[in-house]
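Common to both upcoming complexes is chain A, partnered first by chain B, then by chain C.
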Partner chain A sequence: MKHRHPVLPRASIRAFPAWTPWLFLTPFLVVFTLFTLWPLTRSLTLSFQQTFGPGASRYVGLGNFQFLLQDPLFWKATRNTLIFTVASVALQVPLALGLALLLNRPGLRGRAFLRLVFFSPSLVGLVFVGMLFALVFEKRTGLLNTLLHTVIPAFDPDFGWLHSSILTSLVLAALWLYVGLNMVYFLAALQNVPADLIEAASIDGATAWQRFRHIVLPEIKPVAGLVVLLSIVGSFQLFELPWVLLDNSSGPDNGGLTLVMYLYQTGFLTGDLGYASAIGWVITLVLVTLALLHRRIMRRSE
Partner chain B sequence: MPPRIPDWLKALSPGAWVMAVLALMSSGVILLSPPSPRKGMPFWIFSKIHEDTYGPIVSSWNGANPRRPVDLQLIQFYALERRLLSGFMAGTPVADLFETERMVASRSFAGPLDRVGFVDLTDRLTSEGLMEQFNAPTFSLWTSRGRIFGLPHDVHPVLMAYRADLVEAAGIDMAQIETWDDFLRVLRPLMQDFDGDGRVDRYLLSGWSTNGPFTEMLLLQGGGTLFDARERPCFDLDVNVELVAKMTSWFAGPDRMCTEAPEFTGSGHKMRLDGVVIASLIPDWMAGQWKRELPGLSGKIKLMPLPAWTKGGRRTSVWGGTMLGIARTTPDFEAAWAFAKTLYLSPALADALFEGAGIVTPVKAHWSRPIFHRPDPYFSGQPMGALYIAQAPSVPARVASPYSKLAIEKLTSVLVALQEYAQNARQFRPESLQPEARRLLQGAQAEMLRQIGRNRFLAP
Partner chain C sequence: MKLRLHRFALIGVHVLLAGFALLMLLPFVWMLTASLKTKLDFFESLFFPGGNGLFGVAWDRLTLENYRRLGSELAVPRAMLNSVFLASVTSLGATLTAAMGGYALAKFSFPGREWLTSLVVSALIIPAPLLLAPGYQVLFQLNLLDSYAGLFLPALAPPFGVFLFRQAMLHSVPAELIEAARIDGAGEIRIFFALVLPLVRPMIGAFLLITFLGVWNNFIQPQVVLQSPERLPLSVAINSLRGIYGADYGLIMAGTLVSIAPVMCLFLLLQKEFISGLTQGAVKG
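Let's turn to the complex of A and B:
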């Protein structure tokens, strides 16, 4: 049987005037201009101004960026963000891949249920997770300290996770939240690995590790790259989790201060919107650079 | 013969035309609709208890002033903060009257005085004799560069609440306690290890280094401060060094007398009910909160003035604060001002706030009202109101700085670092902690100066 593809008559294509696409684009352009382009432009101009509370500002050129380079708090926030990013990516990606490999095993019973169990933390919001883990990490009565003190009686139940080990606490909370989501990405990629390739390699005597190393890994590489990039971007945007976990603060000795949190504190707690805009633009530049780098690496490997 | 469709109509499909017409019509309706008329003077508040207590007074005002009614609006704390500060920063609509907490109000003082979003009430307060009617130290929190921008809602003196049942069962007489050293010495026998695991299971005081409002309150009690009278940071004062070292000796080491019993969580409440902590330092509003949330403590606790840092020293401190401010943008300042006075000077409000929230009024004339002198069964028959009122004139004055929150965070960082130092160096005596305390406070001072130095209106 011959398939007949519907063909739009030439006359009807010609009936649309040249401005028709613009008509359809107009709502988007209006919203984009109002809520994205204008704030971006405004924040760029603000980053060259010093602001002092309501209605007072002056032009300082690159002054905010110069101040930023010598600002120990900015570097502390950068250091914390980088440590969190590296630790998160280093833990989350292998763990998510491991879970995905386990769930992808043929003949596994209860796969859908397990997938739901691992994925469900990412269905709740960051604020909820922050509040939940604030209880988990509480001194004396918190779940973690109670458990550790029961298992290891020498462990001090008054150990302050949110005082002494803030970044560890943040990484653990983020791990619980995001590992399931990343697992789903990997699972989707694993399910697209051609089964015949794996089968052929098995017949040729390849071990499980060799099959993973030479077939599975190259096949899922683009998804792995995407997961890494998304994790890095997400880590650089970290704000709600530490903000809630540390009770609207950056923790003792700014141990939980992240770049976005510093931006927020500067702009909205001390009213220095110009400096906050400068921080925002630096974060943007870092993320754009990372994205370009990632693209380049992925292209090279292809 | 069917009618000929004009060419321009063919430019879009019928569906697209329907969408375009609907979009145009809805936009037109929105543009042409007049904004909903104001019902009166909007008054933003963030506390449900305040809403309940203000209701009758607002109704009575609205009955007497039908042309200038008040529209009481309860707004979540953080939403009010955002709307208020955004309004002041960007000129978006704000209410005529606001109730706002100290950290929010002080942040609006960051710019030049003539740009502060609240009306400067200094001259009115002076010319109408209101300065004398309110508890004097209470104005300090709403003052920037000598100008007052709010009417005080409260005093919030702090007292010590202790487990009278446990203390009396141990035969301890609290009247012996005048200073913090006495407190530690007299109550020390109550610190016990019940399960024999080598760890203390009962502590003398609820308190910890990362509880910023708590440590600031203790600092103020001892005569310390984070800002001087000219609103400049002064972390490295000798008195601050002494107090910070002393506090650290309470928080760190095998013999520490404090533990963390959070004020607003179920776990903290359970620790209080279980007697894990003997005493807590509570302002009047927290006493009201305990009565609502901790009925299990009724009849088991008593209040007393705080032990002083030194003999003859201050026996109270201050914790929290709310003010009523009037927006510069109000179209009728006189009506807003008249309402503000009616509300805050009302004896009925003084009674209702104490009854509902345990809050003592800052209006001195109302302090003799019977409600404040009634024995309270919750506090073992003590007259809670009278005990707080007795300390109200002695509350320390505070400085309203837009950098207050930052300063408290820095104080917390100093305390945490000093605690860590104490643990690493196995040094827990206050005297041995002072050199490190001084070094850390000097570092915090330098950071604060650097940050405030960016603000040319407040730069030291």
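Let's turn to the complex of A and C:
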């Protein structure tokens, strides 16, 4: 196709000096090379080294990865991250979709306001959510326990969320934070569903479930896939929320230790940037695999 | 019959959504009231202290003392200025480099364009934690640790931004317009600033806000790169309040509120651009 009419496009291309695109690309390319590509290659060499701060290192071959496999803290972090990811996605995606469906109902009043209310927590940074929810989850004086105790008098107001159920607390805080954001994605997709198609189906006697299953769902499938992927990617990088929530620690018995938190601890508190890079590669490998899998599933369903 | 059922269902939907909205707002309200109370009142009442005033609230027991202390005793105003400075400079710089890069990839045909575009797209998948440790080492080697340049410079190459601007320019900048300007003798740089940028104004607003929010809320990067207390942004400074004033809940809630209020206001001003920018890539593909 491209080469069928070589004369016309060529003439217009010649109208700009050849260096123009490079002029516009230079700032990006220089910074990208210096602060993304160079660290990226660095992370490869680093993952075969043990370091003592940023200046001193020694080569350990595959030692870091071998050590990872039998490092109980790494497995604890993996376990916590996986539980959080699965629980978070399983709770968040249906709830966000449900909210979007309700909000998309014709005849609803105050739609813009409700959307704003649901979305507003996702503007709050993870650190600040951590600060706020550390007090919300507080024993006795916290918002959650006081409310639960008022509604269910049998509930013990001294229940320590951040001691006995750290992962549940994390899932709850993340739900408050992100459900509105995910809802906005679904809402945007729902607005693309042709309204006359739904109307025609309901005149033909299709039930609400049938309309959802056969008209709405196929239309929002790509966005649903994207929301799931983005939720998993975000969950796998969880660090600030538990770190701040647990007062700059991994919590009692490392109950709130996540993979990125372990990366931070080994790299910047212990000073072994090599081991931290090895953890980084494990996280990357998982996420790249998931992204490729996602692409394959999405292609197949098209 | 069917219509009445429909009516009841609609009322149910309103009640359900209103209840959920209330739940979402409760933490904000709780934080606001906590920040206005003395230490003693924090423990005695959940929201407002009870009394004989209007609505059964002891309004006269509310105090701005926590905010006064944030302003006078602590380094919070300084940290706020740092955050405003860092977030503004970074978002302006990153938006400019991203728009320039996106323009080059969308509107010029040159050898290496396809290759560069796929490089940008593949860079989207690199998770930030992977670059944390090696990025720190690079900053160390470039002697940029504990400086704003160490935070600002790496943020100037956002692959996500280049990609967003490329998409926006493919859709809303007609090639004929650029060619016409060239025939009229306009320079390439003038074409970019005077003709192309105004055409992608919504994307500029969205990306400015996305970057501003990202920098304002970023914690791990400044925590790792900066050491001097006077350089710390709000995210790091507020988090360290808890170590010193652990049981001073009102003060901590005031500090948290002050940290999230500016971005909330900014969002309210720019919300249309922001949401359309966020969902554009997702829905239109």
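Simple rule for what comes next: the second predicted complex is superposed on the first by the 279 of 302 C-alpha atoms of A that agree within 3 Å, B and C clash if a C-alpha of one lies under 4 Å from a C-alpha of the other, contacts with A are read in each partner's own complex, and residues count from 1 in each chain.
Basically, a contact is a pair of C-beta atoms (placed from the backbone, for glycine too) under 8 Å apart; a residue touches a chain by one contact, two chains touch by 3 or more.
On a predicted model such as this, the values are computed, not experimentally measured, just so you know.
S.K.: Could you tell me whether chain B and chain C fit or clash when both sit on chain A in the superposition?
M.R.: They clash: once the shared chain is superposed, the two partners overlap in space.
S.K.: Figure out whether A:V233 sits in contact with chain B (first) or chain C (second), or with both, or with neither.
M.R.: second
S.K.: Quick check for you: in the superposed arrangement, does A:T141 touch first (chain B), second (chain C), both or neither?
M.R.: both
S.K.: Touching A:H163, do we find chain B (first), chain C (second), both, or neither?
M.R.: So A:H163 only meets chain B here.
S.K.: Which partner chains sit in contact with A:F268 here, chain B, chain C, both or neither? Use first/second/both/neither.
M.R.: So A:F268 meets both chain B and chain C here.
S.K.: Name the contact category of A:R300: first (chain B only), second (chain C only), both, or neither.
M.R.: neither
S.K.: Applying the touch criterion given at the start, work out whether A:F16 contacts chain B, chain C, both or neither, answering first, second, both or neither.
M.R.: Both partners, chain B and chain C.
S.K.: See if chain A has more residues touched by chain B or by chain C, and give me that chain.
M.R.: C
S.K.: Looking at the overlay, what does A:D253 touch: chain B (first), chain C (second), both, or neither?
M.R.: In the superposition, A:D253 touches chain B alone.
S.K.: Taking the superposition on A as described, I'd like to know which of chain B and chain C A:S43 touches: first, second, both or neither.
M.R.: After superposition on chain A, A:S43 lies in contact with chain C alone.
S.K.: Could you look at A:F118 and tell me whether it touches chain B, chain C, both or neither (first, second, both, neither)?
M.R.: The answer is second: A:F118 touches chain C but not chain B.
S.K.: Looking only at the overlay on chain A, choose which of 62-70, 134-142, 260-268 or 332-340 in chain B hits chain C.
M.R.: Answer for the clashing stretch of chain B: 260-268.
S.K.: Taking the contacts chain A makes with chain B in one complex and with chain C in the other, which residues are shared?
M.R.: 15-17, 20, 23, 27, 54-55, 135, 141, 268, 273.
S.K.: So in the complex, the part of chain C that touches chain A is made up of which residues?
M.R.: Those in contact with chain A are residues 10, 13-14, 16-18, 20-21, 24-28, 30-31, 34, 42-43, 46, 96-98, 100-101, 103-105, 108-110, 113, 116, 123, 125-138, 140-142, 153-154, 156-157, 159, 162, 175, 179, 182-183, 188-189, 192, 213, 216-220, 224, 235-236, 238-239, 242-243, 249, 252-253, 255-256, 259-260, 263-264, 267, 271, 275, 278-279, 282-283, 285.
S.K.: Which part of chain A faces chain C closely enough to touch in the complex?
M.R.: Residues in contact with chain C: 9, 12-13, 15-18, 20-25, 27-29, 31-32, 34-36, 38-40, 42-43, 46, 51, 54-55, 99, 102-103, 105, 107-109, 114, 116-121, 123-128, 130-136, 141, 143, 146-147, 176, 180, 184-185, 188-189, 192, 222-223, 226, 233, 236-237, 239-240, 244, 247-248, 259-260, 263-264, 267-268, 273-274, 276-277, 280-281, 283-284, 287-288, 291.
S.K.: Please name which positions on chain B make contact with chain A in the complex.
M.R.: 10-12, 20, 23, 85, 88-89, 107-112, 115-117, 197, 199, 209-210, 212, 259-260, 262, 265, 267, 270-271, 402-403, 405-406, 409, 412-413, 415-417, 420, 447, 451, 454-458
S.K.: Residues of chain A touching chain B in their complex?
M.R.: Within the complex, chain A touches chain B at residues 15-17, 20, 23, 27, 50, 52-56, 58, 67, 72-73, 135, 138-142, 153, 156-158, 160, 162-164, 249-254, 265, 268-273, 275.
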